[in-house]
Every structure is written in structure tokens, then in C-alpha cells.
Amino acid sequence: MVVINRGAHAEPGTSLEFKTGNWRSSECPTHIHAKAPCHAACPAGEDQQAWFAWLQEGHVEEAWRELVSANPLPGVTGRVCPHPCETACNRVSIDTPLAIHNVERWLGDEAVSKGWAYPVEAPAEDAPCVAIVGSGPGGLSAAYHCLRNGLRAEIFEALPEAGGLLRSAIPPTRLPRPALDAEIGRLLALPGITLNLRSKLGRDVLLDELKHSHAAVILSPGCGESKEWNVDGAVPTDLHEGLHLLREFMDHGQFPEARRVAVHGGGNTAIDLCRLMKRHGVEQVTLVTASALPGPDTDPNDLINVVPRELEEALEEGIEIVEHATVKRLIMKGSRVTGVEIVALKKLLGTDGRMHRIQFEGTERVVPVDMVIPCIGERVKADGLHNLLNRWHYLDAKDAWSRTDLDNIYAIGDSRGDRGTVAEAIGDGRLAVQAIAANLKGEADPQADDRPEMPAAGLNKVYFGAVKRTVPPKLPVGERTFEAEIEGDIGRLEALREATRCLSCGNCLACDNCWVMCPDNAVIKTAELAKDGSHYLFDLDYCKGCGICAQECPTGFIQMKEDTWHEGD
Amino acid sequence: MTTTDNTKRVARLAELREKFGRHPVEPQEKHYQGGSQRDRQPRFCGLESGHRACQGCGEALAARLVMECAGPDVMVANATGCLEVFTTPWPQTAWQVPWIHSLFENSAAVASGMEAAMKAKGKNTKILAFGGDGGTYDIGFQALSGMLERYHNILYVCYDNEAYMNTGIQRSSSTPHAASTTTSPAGAERMGKRHLKKDLLSIIAAHHIPYSASASVAYPADLQRKVRYAMGIEGPTFLVVHSPCPLGWKHDSHVTIEVARRAVECGLFPVVEVERGAVANVMPIREVRPVADYLGMQGRFGHLMDPNDPRAVEELTHLQALADYNISHYNLRGEGEDPADTAGITLVARDRAAGES
Amino acid sequence: MIEYRIHGRGGQGSVAAAYLLASAAFEAGHTCQAFPAFGAERRGAPVTAFVRIDNKPIHLRSQVRTPDFLIVQDDTLLLDREITDGLKPGGAMIVNTKRSDDEVAEAFSCRTKCIPATELAMEYIGRPIPNTALLAAFLTMTGHLPVDALAAALKGRFKGKLLDNNLALIQRVTGMVEPGAWKETEHA
Amino acid sequence: MREALEGSQAIARAVALCDPDVVAAYPITPQTHIVENLSKLVAEGDLHTEFVSVESEFSAASVVLGAAASGARAYTASSSQGVLLMAEVLFNIAGMRIPLTMTVANRAVSAPLNIWNDHADSMAVRDSGWIQLHCENNQEAVDTTIQSFKIAQDTDLPVMVCMDGFVLTHTMEVIDIPTHAQVRKWLPPFVFKRALDPSDPKSLGALVSPDFFPEVRHSHHAAVDKALPVIEKVDASWAKTFKRDCGGLLTVEGPEDAKVGILAMGSTVGTLRTGLEHHDGPGAKLIKLRAFRPFPADALRAAVAGLDSLIVIDRAISPGLGGILGSEVKSTLYGMPNAPRIHNHAIGLGGRDIPESIVGDLLSSIEDPDAPAFSVFDADLSMLPPEDR
């Protein structure tokens, strides 16, 4: 019963009895920790936004620990990765992407120099042991993630040194050996990892044995054999294919004599080879690629698959690149090559709905060369794996966890045939081990991270100004040798400064915008971190659903979603 | 946390009671539950939730921001208008401070009386007077001018949403030129309001009071700084806060802040500070927007957006000229304070953290 | 009850004269009532004020239509022949003028006393306010209020030199007129 | 102490005796002298109050509203157009049940412009919900002013002390002004329970929906109604202390067996009394109505019992109806057995001088069977063209 008081006055704050929450027509604000696009794009599974958040607060070691929770080799990927994270970075919509790659490398090197401990514990003595074939980035990642999952790892490497293609195929100008050795060394020294060198599958150890002796087998042999090169007409008897030449050069520092060279292919191996040969004294190096060079209208699917920086440096160094072309025929003088006939080519959609490479008749021309080097990709060496290889000489992995048709056998990295980067191999290793660990515990496969990605349009860019991207030091073309690393270290100050450029896509910045700008006082600030990782709660008893908080959230962490609230909830 | 805060509140109440000579009473448990998260907010909540403002109301936001840094030792005189109606539907009130509503046009005079009462009783409780643009620019203007002239120790805050919104969007002297309202509708003969927005701040400044300023809900930290500054001044101070009205301006409720921000960025609502009649400070616009960016978001200017209508083009050009005038008159173009100003500015404005301007 | 009507011009202090007379009556122990003929007149315009003096409460609020006495503050007002309208038979008029009593009395057919009050005021007070001189002459002639009551009333209004000058003026005027000359009118 | 004082000066002195915390007023003839005298008291240091020199009557009313709502004893004064300019605030003060005092120096309302006395101004706001008390003379005005502060805070209602402009405000008469000590002893300090106060923050002036409005309105009506005994009690208490009263709600004078009565408010009563004293013939009862709001219906019925005719004097008219007081008296007496016949006349509009001889004219007019139910009694209709009569 209402009792009307004198003059009809009201007692303070009584409006709280009136729940305006039921005014929301359809949507209510929700905290959504969407994937930052860098994270979504990272094959290794790093959450760059998360470790940048640590850096923003000046916690460098925490940033590294966050980073290596997914990728144990930041010193390596920070040098060799084509960094799709930067391509995806939302800062592009304001100025230029974050220099994630450079900061990652700095973090990796910092960890080595400071001797920070990897965030792992020694597995129990009787912990299940996983056999890993190959010590390339995939194998090393798998071994590391075994430790993170409480498993032991035993690596079988055919060569006398660990590292796989990191050692055999990547020139020290991109990945100096001391940096590689230091990071791999620290990783392999972790308790719970056993490394067997010179243990070649099919010769020193058999797959069937491993299947029985170990809880699971991860095959990470890499691609050690070049693909067959199809070209019309005759080929020289001394035809060298690219990977082979590269390895030879790594081991002996020598290339066959040639004045003018044509390289056929479009990957990092091809570019590395071109640059090394040019530096070695070859007058003219021509790369013939079916893909396109980057340009404003270039279809990403058509883009040449090399690290952009490497491509840029190659052009700086005078490599000639013929895009949208293929080698049709070799011009021979006896057993010697005197030229290559190249023809224009493009990937076009066929009537069957698939992409086809179409050569255009009448566009043929001849480039005079002394040597032609096919560098069109590699495939798995069959040793010890005969019955597992498919018709293209790859291992068939059927899911995201890299399972093969055989129980407890996983195939990761380049050997899957659908991979091409160090980061992908590292990601494969992590996922395969997570599946194995779950499997051993009798659990279902781990949930894939199906969070939506935060698009640039989801941010409120008003709150972010333009900031210049860090520019790493670089050796001038004239000073580039075969050993000295071309790109330099950005240093602590630049790394921390670069971190301030991160937009924290989809992550709460605790900027207070929602708390400050709610006309209905329906955002509650909490001292403790709430479950969703922010310091704010929505008081849906009063939220009218105006959407200001979502609109003004700088990072898109607040989004308007379908309302599920009922009064009294 | 709970106990500390409750202890603080009880101590504060005791202090106030001491000051006002009241018999101590326990805090009313009903509305100060102490234990809830809501009661532990690290800010003073003078305007509570549960008020009946529209979704995305700029005025409700502005009033809340003002109260945060003004209260609790204040008393408010509120003119008739949306703010009054949506906060105090009897038997409820959203106010946590002493508050009185009398009439549309007398909040400045009622506040004068309250201030005189405080003086007579030797108390220094600050008096606030609130009014909308109708109650300030128009019907309450005389009372306001009198209050300023008599030099009462009052902070007058005008929540400027540029029309009589409470009665259904009729034009006021604060309505911008060419805006369509229910009493200045756009039609075949007329392009909305025929007259200009009154330059109230200059008129207020001509009273040579210690401090008068404009602010915008889009820049809450700036707004709150101005309130704190005014609170510290012994004498009359005046603040006009640009407060978008989604209903009257005809924009979506979620873009309230964005609309207000663009008003500042295009120069149509200059954010300035005036001390003793002289412009002391302005909020610089780093990147000046065309007025169309601001006007185009709002239905009240919809009739100006037809590039094929020469009348629309003329009015749009006129508004652009008015904005340009403001920019040159107040010298608004420039660097300085980050325009995207929030409470957590250091966390957000990465360019500033990076040392770039 | 004795009723008075005071004629003057805006700015000459007609109301003040009425209040002064009423105050004097109060000082002498009477009840009194004094009020102007309320108007919106400006400086120089003819104005009227009224005084009632009695020994019991005065309830009547109407203007004085049949005065016992007239006090005329400015002889230019004599141009208005109606100035003596309603004057009770046997009533008397005191006029601020340099003219002779007879001249004015003849013109208006009533008992008249002329006092050059402005000149006297200028001499004693330095301002052309005729009230003190007129009232002093009037009270001396009627005798129904002691002149001391006027002095007391003046003491409630003025201080220092101004008061002394006014009191000196009273002394001077009382010597100029015949005490009790109009006394019988009190019983009229 | 008895003094010969101008009415306005006496009112200013009376107000000062009540120690008001806040005074706000705007000058208007004939209220001006009250404000001037208050200003002078402040200037001389005889009155310590916050004197707010506002820019309009509207603000004057608003200022005292704000001040009283903040727990201050507040006072204002106005007249005529000023009262009408205040009208909106006056309704507001009463509706919010805020206790304060206002003196109205009653004056006609223009057009045509007229600065002289009648009751059109206070009548225009009679429905505002204020208590309205009329004073016959300046002694009553002084006493009622002091009483009004007590009545206001005892009832949580504003009180309008109505005194005739010029006729009282500009008239000097002998008035007994109480001492400060006496008033302080008699008048309790100001208390307003709902006062704005940061340690107990209430909201005043809320929006009341149709769900509650009739109840709130009724409570206001009941409160004004219930002020009747308060007014009587306060006057009685005053009389006990100061040995004089103001006549409570109304007073009746004259022969017990009189068949004719005259009812009036304000200073007119004095002239009528004098007129009756001097009138030959059977005596008449004189009824002085002091409380116009609340309207003392019961007291009035008792006062008129036994009368055959009652002449009701109005000092304001409601064009198209006639006298306002007359109409209210009629409606009050309606249905009363042997109710007197009402003769309603407006006199003295716009300051028309009321001679004592009017009593005779009034009394003889009731003999005329063709007399209209209402007339502007002292108007010379021959001055009007026939079509405008």
C-alpha cells in the first residue's frame, strides 16, 4: 500500500526499485573475447595480442612465456616466418601493421640471453613417451609440447645435428647458426626429451617398432626430396634441383659455375637460392614463377608464397622476377643449356569449378641462360615410410590433429604436403601432442578454438592514433655476405614502443569507456578480474540496451548480442 | 573491500550529520546494501540506475558524469524537463543528493535561494542548478542572468540537446540552424529552423563570472575536469554540456557519443573555457571533419543531404560556414589534448603513450 | 477628531509634512493617521496628503474631504481655486508665501496665515523644505499640540546640526505668529 | 513599544523581529517601502539576513522557495502584477507544502494600468493553495506577519498576509511593535522536516502520475482546511502573550439583534465601522473576515445566523460572475436554514476612495427590490456609453 507523504517527496536512490532492464528490445551487451586477427592467422597458434598485452605493461618475461606457451622457437620464427599475423593485423586500417615479427625475434633472443626457463616441468619418470621422427621445427615443437602435456618425448633424427630444414635449407643470412643453435639447444636440454641423432627411419629404427615401444608416433620427416620437374624436350644431364644446390652450398660454400641462371619456382627456397647465387657472383638471376608479385590488385591466392621482406630484399639485390610464367622448354646446345623458353601462364577457374594453370599460346619467348634450376617444391623421402606415402609422395593427415589412417601415428609439418612454413609445422606439433595427450587420458579431442575473429570494423578507431612502425636495421646490399644476418635487432626500447601500437583487438583494455559512458549506470567495475577476463560486469537489471558501450569499446570486446536475460535472473 | 567501503560511507554520513547538526541515523539499508558490487563502485553515484531516460540518452549520461565529481555535499535545483521527469517519477527518485524541482524557468532562482539559505546558515554545501537548453537559453534565461549577476556560489549546468525534447522536439533558441523539429519542420517551403543557434556562452561570458565553459559527453574526462574546476570556485560558474538526444536528433541510440564527438570535430560545437569573460582555453581539433559527417548521422538534418536540391546544398554550405567561423573565431585547429579523451585515456591512446602527438 | 489636508508639490515633502504632523500628535499622546493621496505624480506635480488626529482609535480610511485645516506648501497652488473645497466652516489655512495674510484670506474667504517658510528654511536649514516652519507656525497658532511635540517628532528624524537648525527654526517661527490665535477651531 | 510608523516600515520591522534567514523581493508599488525598509535594516546592521535582490518577482518567489526548501526561514513581498508574475511559483510553493511568508500589498491588476488598492491580485491566486489572511489595519498587519511564520511552519503551508496597498502600506499610524526578545520567545525557531540536506538527501518536487495525483491534491486541500484551527490557535496564543488579537478567522461586531449585516475584508472594515457608528437607524452587524483561505465556512454560518440581509463587500470582481467573496459567501450559506439574502457589491476598485457615507447608501440599497444581485456599487455608470453599461 502506497502511503503518500507530505508534498510527495521521494527517498534517495529509490529508482533502483525500477528495473529498466526490461526496456531492452532485443540485444544486450556481451563481453566477447574474439580472436585477434594476428592470433587467428598464426599457424603456430600464438596469441600475439596476449603477449603484446604483457609487453604493454612492461612484463617482458611474461610476454615471452605467453609466446612460448604455443611456439617454443620465437628466435627462429622471429627470423624466418612469413608472418601472416602482420598481414592480418587490424592496424593496417589506421597506418601500418605491427612489427610482430621483429618483436618476436627480440623476445626469443632476450630469453636466450637472459636464460629464462621455458614454462614446462619435467614429466614423471613413468610418463608415456611419444616417438618423434625428425627434429625439424615440427618435431621440436611436438617434443616441447609433450612436456607441456606431461608426456616424455624421444626424437629420432637421421642427421648428425638437430634442426631439420632450419639448418639444411635456410641460409645463415636469414637464420644465423648461433641463434638457431642456442634456441634449439635450450629446448633439447629440457628434461624429458631424448634426442637420438643419426637414427634414420627404415635403417636405424623401424616404424613398427616405434608403434609398439611408444605411446604414439609423430612423423615429422620433412620433405627431403625434390619434386619431379616436367618440361618439354631434353634436360641437361647435370640438372641440379634447387634444394640440393642449397644444401650443397650450406655444406661446402660452392655453386656450379654459371653467368646467367634461371630459377623456376616460387617459394622461399627459390628466393633464398636466387639471392645466394647473385651474391656469389652470378651476373643475371631470373626467377620464373607462376604466381604474381604483390601489387594493389593482386589476388592473395595468386600471390607469390615467400616472406615479403625476402622478396623485397631480393628485388633490392637485383634479382629479376618474371611473374605469371612457366618454363616450357629448354634450349640446348648439345648437353648444355643455352636458354629457357618461357610462356605466360595464369591460374584460372575452369568449367569444372577448379583452378587450372593455363598457358597462353603465342607468348613464348627465350631467355638466354647458362643454367636452369628447378625449384618447384619438395616431397617426402620414402625411407621407412613406403606404405604410408600417397601418390604425391606425401603423408596423408586427415584432421587438424594430423592423424593418419594408422592408429596413434600422426604426420605433421611439410611431410603433410599441405604445409609450407616453419610456423605451420610448429602448430602441427602442438596440436598433434594435444590430441595424443587427450587420447591417452581417454578424453575427447581438445576443442578447436572456434571463437570469431575481430575484424577491423569491429574496433572503434577513434581511440587509436597513427604511430610509426619500427624500422629494423638492415645491412646495405653491398655489405651482404653469406654469413652476416641481413636484418638486425630492434632492441628493447623499440620492442616496447612497438607493443604500444597493438590495438588489443577483442581484448579488454580496462579503459573504463563502458563504465564511464553508460547513461544508465549499468556497468559495474570490479576490483577482481571477472570470469571473462575484464574488470566490468553488466548489470542487466538496469541496462536498457542502448549499445553505447559496444560502440565506444575501442577493441570490440563489448558486442551487442541476442538478449537472454529475464528479470530476476 | 565491503567493510572498508561501508565504513567510509558511514563515516562520511556522520561527518555530514556533524556538519548539519542532525541526529545521527543509520544509513538506510534498503538502498545502501553495502555488500553488492554496485555499492562498491569507486565513484560517487549521485544519479542512480532505474531512471526512465531513453536508451542512449546523452543528458542522463552528462548528469551522471557531473554528479560523480560534484557530490555528495551538494544540493541540486533542477528545471522542468526530461532530466527532471525521467529521474523522479514519484514515489521514486534516482537522485542520491538533496534535489528539488520547482518549475521550468526558475532553477537558477531556486538555486539562488538555496545558496542564500546555505550562506545564512553558515554552511558551504555547493549548490548546483540544472536545466535543459529550453530552461536555460529560453524561458529560464532571465533567472540565470540574475543569478550570475548576484554572484551566487552556484554551478549552473545546462544540458544542451538543442530542442524542447520533453514536450516532443520543438525548436528552442539553441536548436541549430536548419534543423528540423516539430515546430520548425522541413517542408516544401522551409528548410527547418530559419534562425541561428544562440551563442549562449558568449552571453554568459559577458556577465564576467569567474568561469564558464562548454563541454561534451563525448569527452567525459574533459567534462569532469571542468566540473571539478568549477566546484572549486567560490562564485557563479556555468557549464553547457552538449548532450545528444537520440529521439530528437533522430540517430541510433548507440552512436550518442559518436554524434557528440563529430559535433566537436566539425567545429559546430566549440569546446571552450572562458574565465572572467575571456577565452582561456579551447579543445583543439586535430583533424577537422566536414559538417556533413556530423549532420549526416542525424535525421533532423536529413533534408540537407540531397545533393540535387540546391536549397539543401545552400543550407549545408551555410552550416559549414558557421563551423568554419567557430574554428577561426576560437582558433580551434591545432594539436594538444587528445580529442578521443576517456577516463582510461592512457590505456587507450597508444599514440600518446608512444610519445607521439 | 481633527482632519488636515496638506497641499504641496512633488518633492516638497507633503507626505513628510503629514508624517511629521502625525508624529508630533503621537508624541503629544494622541492617536493619529497620516497618508498621502496616493498617486503616480512626479516631482513638481500638485500632491495632497492627509492627517487625522484623535484621542481614540481611528478606523476611518477615506481621504479627508472636509478638513479642519489646510496647509499649503506652495503659493502657486493658490491658482487652483478649488484648493479650499470642503474646508469646514471656521476652518483655517496656512500658506507658504511672502504675500500678506489679508491678501490671501480675502481671495479665499477663510482665515489664513501666510509664512515665508521657504525663505526661512533656506535661512535655517539651507534647503527649500517649508514643513518645519509651516508646522511650527500652525501648532503655535492652534495650540492643540504643544510645539515641543513637533520638536520631539523632529528628533526622531534628524540628528546633529540639521536637527539643531530645525529646532532653531521652530523657535524663530513661534515668535512670528500669535499663539492660540486659532484655538477655538479645535472645538469646531 | 508604541510608535507612529508608516505601515510598510512597521511590516519591515515585524519581519526583522522574526529573524528570517533569507529575504528576496522585487520592488513594485505599493510594496516598495517594505523592501526599502528591509534593505535599510540590513544596511544598518539591524537585520542579519541573506537579502537577495532579485531581478523579478518570479525569481523572488523562486528564491524563497529554494531557501525555505533548504531549511531557511524565508520572506518575500509583492503586489499586483508582481503577484501574477509569481503565480506559477506560488502554486508550486503551496503544492510542495513549503512554509514561508509573503506580504501582498493589495493592488488592482492591469489593464488598464492602475497602481491603487483593491484585491484583484490576491484573488487571482486564491486557488494556489496558500493561506490568505487579510488585515484591517497596520497593527493587525504587524501581528499577522509575525503569526504567519508560526502558522506556516505549523501547517507546512505558505501564508500570504494581505494588506491594502497605500491605504495601509503608506499610512502612518500608531503601532505597537513587540520587542525582539518577546518575538523570539513566542516564535519557535524555523523547522522544516523535509528540508534539503546532504545527510538526508530527499527529492522534492517529483513527477506525480494520475495514479497518485488526486490523493496528493486532496491532501493539500485537507491541509489548508485543517489550518483553520491552527490560525485560531496561533492568534489565541498571540493574544495571551501580547494582550491583543487579530480576530482569529473572523469577528462580528454590532447589535446582537441586528437584522442586517455587512461583511468585508481588509482596511474597508475600518471605514465601514466609522460609517456605521455615524449612521442613524437600526444598527447593523459588521463581519470582518480575516481568513479568506482557508475559508471559515462554519464560523461564517454562525456569524450570519439571525440576519435577514447580508451585504458582502468585494474589493475585486470576477468579470462575468460578479463579486468573488460574495459568490463564496453565497455558496457557503447555500442550504442553510433561514440564510440571509446576500447583497453583493464591489466597492473601491482600483483605489476609488471609500467615504464613510457609503454605509448609508449600502444600507438603503437593500430596500430596493429591483437591486441587482451584484453591482460595482460606487461606479458612475452614466459615464459609460449605454451599450457598455
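A, B, C and D label the chains in the order they appear, each numbered from 1.
Note that in this section a residue touches a chain if its C-beta (ideal position, glycine included) is under 8 Å from a C-beta of that chain, and two chains touch if they have at least 3 such contacts.
Please read these numbers as outputs of a predicted model, since none were measured by experiment.
Between C-D and A-B, more C-beta contact pairs join the chains of A-B. Chain centres defined as mean CA positions place B nearest to the mean of all protein CA atoms.
Distance between chain centres (mean CA atoms), chain C to chain D: 34 Å.
Averaging Cα coordinates per chain places chain A and chain B 50 Å apart.
Chain C has its Cα centroid 65 Å from the Cα centroid of chain B. As a whole-number value, the distance joining the C-alpha centres of chain B and chain D reads 43 Å. Among the residues of chain B, those in touch with two or more other chains are 87-93, 95-97. Shared interface positions of chain D, i.e. residues touching 2 or more other chains, are given as 96, 201-206, 208, 212. Residues of chain A in contact with two or more other chains: 2, 4, 8, 10-12.
All chain pairs in contact, by the document's touch criterion: A-B, A-D, B-D, C-D. Chain A meets chain D in the complex at residues 2, 4, 6-12.
Residues of chain D touching chain C in their complex: 2-4, 6, 29-30, 115-117, 137, 166-167, 170-174, 267-271, 273-274, 351, 353-356. Across the complex, chain B meets chain D through its residues 13, 16-17, 19-20, 22, 25, 72-75, 77-78, 84-85, 87-93, 95-103, 105-106, 108-121, 125, 142-143, 145-146, 149-150. Across the complex, chain B meets chain A through its residues 1, 28, 31-32, 37-38, 40-42, 45, 47-58, 60-61, 64-65, 87-97, 217, 220, 246, 252-258, 261, 338, 340, 342-345, 347-356. Taken in their complex, chain D has these residues touching chain B: 21-22, 24, 49-50, 52-56, 58-60, 62-72, 74, 88-89, 92, 96, 196-209, 212.
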